[in-house]
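Next up, some structures in structure tokens.
Both of the next two complexes hold chain A, though its partner changes from chain B to chain C.
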Partner chain A sequence: MTLSAQSLDAGPRPLRARLAARRVPLSILALCLLPWILPSEALAVNVLVYGLVAVGYNLLFGYTGLLSFGHAAFFGTGAYVTGIAIGRFDVPWFAALALGVAAGGALAFVIGLLSIRTRGIYFSMVTLALSQLVYYIALQASSWTGGENGLRGFTVSELNLFGWTVDFLDPVKKYYVIMVFAAAALWFVSRILNSPFGSVIEAIRENETRARACGYDVERTKLISFTLSGLICALAGTLFALHLAIVPLDILHYHTSGMIVMMTLLGGAGSFFGPFVGAFAFLLMEDVVSLWTPHWQIVVGSVFILFVLFLPKGIWGTLMAWRAGR
Partner chain B sequence: MSAPLLAVENIGRRFGGFVALEGVTASFASNKVTAVIGPNGAGKSTFFNVLSGVLPPSTGTMRFKGRDLAGTPQHRFAHLGIARSYQITNIFPELSVHENVRVAAQAFRSRYDIWRDRAALTELDDKAAAALAAVGLTHRGSATAKFLAHGQQRALEIAIALVADPELLLLDEPTAGMGPEETKEMIALIEKLAAERTILLVEHKMKMILGLSDRILVLHHGRLIADGNPQQIQSDPEVRRVYLGQNDGYA
Partner chain C sequence: MMSSKQGKSGASRRDVLAGLSAGTALLAMPWVARAQGETIRIGFPTPLTGPFAAEAKDQVKSAELAVKLVNDKGGIAGRKVELLVRDDKLNAGEAATRTLELIEKDKVHAVVGALSSAVQLAVNEVTRARGVIYVSISQSDTINEVKDFSRFTFHEALNPHMTTAAVAKHTFKQGTKVAYLVADYAYGHEMLRGFKRAEAALGATGVGEILHPFGAADYSTFMPRLRSMRPDILCICNFGRDQANAIKQAVDFGMKQQMQIVVPVLLHNQRLAIGPEAFEGVIGGANYYWGLEEAIPSAKAFNDAFRAANGGAVPTDYGAYGFTGVYSLLLAMEKAGGTDTDKVIAALEELQYDIAKGPQHYRKCDHQSVQSVLVLESKKKADMGSEADFFRVVATEPASESILRSCSELGLPA
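And now, the complex of A and B:
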């Protein structure tokens, strides 16, 4: 028994460690190249935005171990608040972005407060129910949100900040502007994961009972993680609104929450760059497969099932484990 | 004599209509080893869960260093100086052995800080290394915890409790599932730890308890039926009746 335990012992992982130390610059480099790899800039922006949502979601799901089915609420709230602030109140884009992030974060705090004491499937169901509540509010408050038609009429054609002007209609420029925010968010998540707080959430993911016995206030830690995760998803939402100049009601639907979960799992939950890889793979599959069949979900869904069954660490997680094992 | 480290008075715990623990009064002085024994279902685990804050008592009071523990949430117990191990191994399986202990030490240093680097808290690495050395796991520091042998996982769990530098250490069946060799090592470890802290342990291995403990509490059907040194407990007619009546070979 001791012998087999010895041989299974994981040794030091130099490559993984080296990658981890440089994960932010490497991730940003990959994002810089993205528009030149993908067939269109619009698709690249989508990968950026959904990748960012998945990164935010991963903080909660992959690192804290909480399976939320309600993250569409924060993504959507960020988008709606930004759109309404610009379209209705003529707020400058940068302030609208900050408002969207703040609103999404505040909503995450409230939903977190209501859901965090439940566990397992109950936690998932409470987050799902509360996010659907937000969906129906958006559906009913159509004078504010445009209801089923979505929110329109807040096109931002150029961005001004400190005397700089960027033509936001140029797809390449648009991509790189949005990328700056995504890069900042990636740095922020990396910051969290490297911090003492990052080791606490991992400990809670690994063993809640033990973490509590060690002296950690598990509920409070989870709530902070939930809120931080919601803030990042809300940022993705505001960028999504600026990008599309429309907020479809679907963004709040639980289908979106499910898609975020799928992207995260596909890329690799609990890995730093996995969620971006997942968003990339998911959206690329959608883009390519929908060229020859409208039923692209069948293909994407099958691939997803294969991954869950045979490669539960996802694309990026498997790749890292494989490199580490060599 | 100075005030006891821990004093419980008339504590009880009900689960619905079932009384798991009733009217237990005892106090524990510093630097002694006390064993809690009793047949299965006697209330030992409930007693431990109450003492470590997992379950609030339904009745009675608990004082630790003179401080009333009523209403104290479980996670505060570690900060007061009470740490525990569990009957079923309770570690962080996917983390490295070193990180298991380091993160336990971190609870007393930094819990919500997101702006610093965890690697900058080097004193925690030293503390973790010292705790691992104390339980003889130094050579396994970089291993993933779930790959350790059973006995080593039990030792790791004690290191996790130890790094908190608790005044009161609660050990719930520390040798459960261990072979004779591992049990011997664990007994030596507990003896070493007992020199500078108060230890309460639940055990089934009678020989071990008699050799190790300064004092033994016997629980039966949730009640404290005997409290004394090993000689007194061995000759106690009530204890003999409970154990012989059980006929499970412990006595």
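And now, the complex of A and C:
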């Protein structure tokens, strides 16, 4: 499924290339081990969810080269739509999940249409402004969203599908159910990146003018990339809603957008597994350090500064570059 | 920090370890006999970072005091009590995660805490689904209502309805004109709703409302508009730093010469931060004030224990919630003889307690703590007897269900 140009060469391939070709199964293996490494399953699910948001964001930021500051909107929309569908309309969980993803994707398409023609800092500002718009809609429409108090009352305690029942309150089972979706999304992203489309978005990142000169429709490609990225963030949002059984208003706040950018940078923008590593490092640091000092922000902030200064490729990106350099 | 104590139920990754150590388990049979002596763990999520950090730290100190007092007396049925404090960062998602951790990993027997309407509702949702007892210690009307009601949740804090009812009763009169400056989020809205209701009942008239964003630093644009409404009372419905900033700027604009400033909750820490001049004459409600010790023996006992544990400092209003919340729960556990959820719930519903501020009990239908509401006035600097002598108790609204919304209004069976 992850055939690449290298497989046409008959000769033995270096380890790195072989690893890269197996990146999806390897990533999934790493995710399988996650709840056994982290101090709690609840944190592991958070890493999964935020890792997935960062993967979605990375598609746009790391691979297409567009710095969006509004991805909280898609994350939050996915979560809210799923919550409302279950809580208000008694929609079965899988349908609610699909609705959440569809709504987030549709919103990404609209915001993409409005913002894609701007570039650089203007693009960041437009996406930020539009996502703030979504925030205020959720704040004001409190009869639907619960406003400031957040959305509640849609706890899913067991999942039913094709006669199977899973106890969704059991943390380990919950983790692996959510992981199945994350794994599917990872495969999907890998598939996109290995397709000709994946090469085009990287071409746009490297040199937009040249990509245009080669005959690619840059605007359309950016829009598709933006929408796909929004879809994956919305999927993460729906999983977040199922996991915590609440949707806090903060999920739409620009702080969330900022956190997504931070996680992506920390892990390594433009690397396949980097965003997960970023989410892992960020959330683990926050969790562990805040247990022994209320001044955890100083520690986490310093680590982040050190990374930006000395490891601009992020944890995973640096590791990969170091391996490649040997 | 990881707890190594074996939980009684629930599958987890420890199951694998359990398989490996199956043989050892047989040898460890005496452990089963000691299960009775297992420590009682109380989870305590609270916003140690963020704008309410000062209040949160007071809550932790008071909660720790309650645990210490019980442990000094030999614990509950011979079991020690342990408080697991977690920073919820004033973020509902973080609080839900932390609560899941406390329940799933640390296997807590109950949860107490949270200091914001949204955060406590998130904790409530998590504990409700898992059948874990939760004592919430932050103001909210929503948590009493049928939609969020949980058999496992008890609300120890005042709620906006009763706070505003008591404050309005002692400040609003027939024909009083009231203007409102309201923080635009759940806390402000619920306080405003409470005041509006009291206003109609008492025959006062509202002359206008202005909403301000949460966390606003500049209130100067609102003051001329409020002044032009010509109210007798300016009611400032916000919390934390917002309260201090709004009052300070109202005073700078000379509003106090023309109207009485009233707040739903007169905050100890904000008065401490801003000083007596700006707050002088401001009237507001409170769940607790240390000055109660002159009249109420349990307040004296609480203050003395707190002073002894904290180098002579007095407990604050929001801090006291940490004490009464944890202590009432522990009293119920003592009555129930352990941590059996149904027995503890029954004991909490029956409990009559006087541990810091006079008699209290949890109303059966909505699990709201029926308790007195104090109406305080901030003292002039010259009248202050000591460093911490901030307020004069204008009135004490006695503990009574009459200032609560009725069970049927909340949608609950009486």
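For this structure, a couple of remarks:
Going forward, the second predicted complex is superposed on the first by the 312 of 326 C-alpha atoms of A that agree within 3 Å, B and C clash if a C-alpha of one lies under 4 Å from a C-alpha of the other, contacts with A are read in each partner's own complex, and residues count from 1 in each chain.
Going forward, contacts are C-beta pairs under 8 Å (C-beta built on N, C-alpha and C of every residue); 3 or more make two chains touch, one makes a residue touch a chain.
Just so it is clear, the structure is predicted and the values come from calculations on it, not from any experiment.
When the two structures are aligned on the shared chain, A:Ala203 is found in touch with chain B, with no touch to chain C. Once the two complexes are overlaid on the shared chain, A:Ser157 sits against chain C while remaining clear of chain B. By the touch criterion stated above, A:Ala213 is placed in contact with chain B alone, chain C being left untouched. Of the two partner chains placed by superposition, A:Ala129 touches none, neither chain B nor chain C. Residue contacts after overlaying the shared chain place A:Asn194 against chain B, while chain C stays out of touching range. With the contact threshold set out at the top, not one residue of chain A is in contact with chain B in one structure and with chain C in the other.
The residues of chain A lying in touch with chain B in their complex are 1-2, 5, 8-12, 191-192, 194-200, 202-203, 206-207, 209-218, 220-221, 224, 228. Against chain A, in their complex, chain B makes its touches with residues 52, 54, 73-79, 83-84, 86, 90-95, 99, 102-104, 106-119, 121, 140, 142-144, 147-150, 152, 160, 164. The touching residues of chain A, when paired with chain C in their complex, are 35-36, 39-43, 46, 147-150, 152-153, 155, 157, 169-172, 240, 244-246, 248-251, 288, 290-292, 294, 296-297.
Against chain A, the residues of chain C that register as touching in their complex are 1-2, 10-13, 48-49, 53, 86-87, 89, 91-93, 96-98, 100-101, 104-105, 117-118, 121-122, 124-126, 128-130, 142, 147-148, 185-186, 189.
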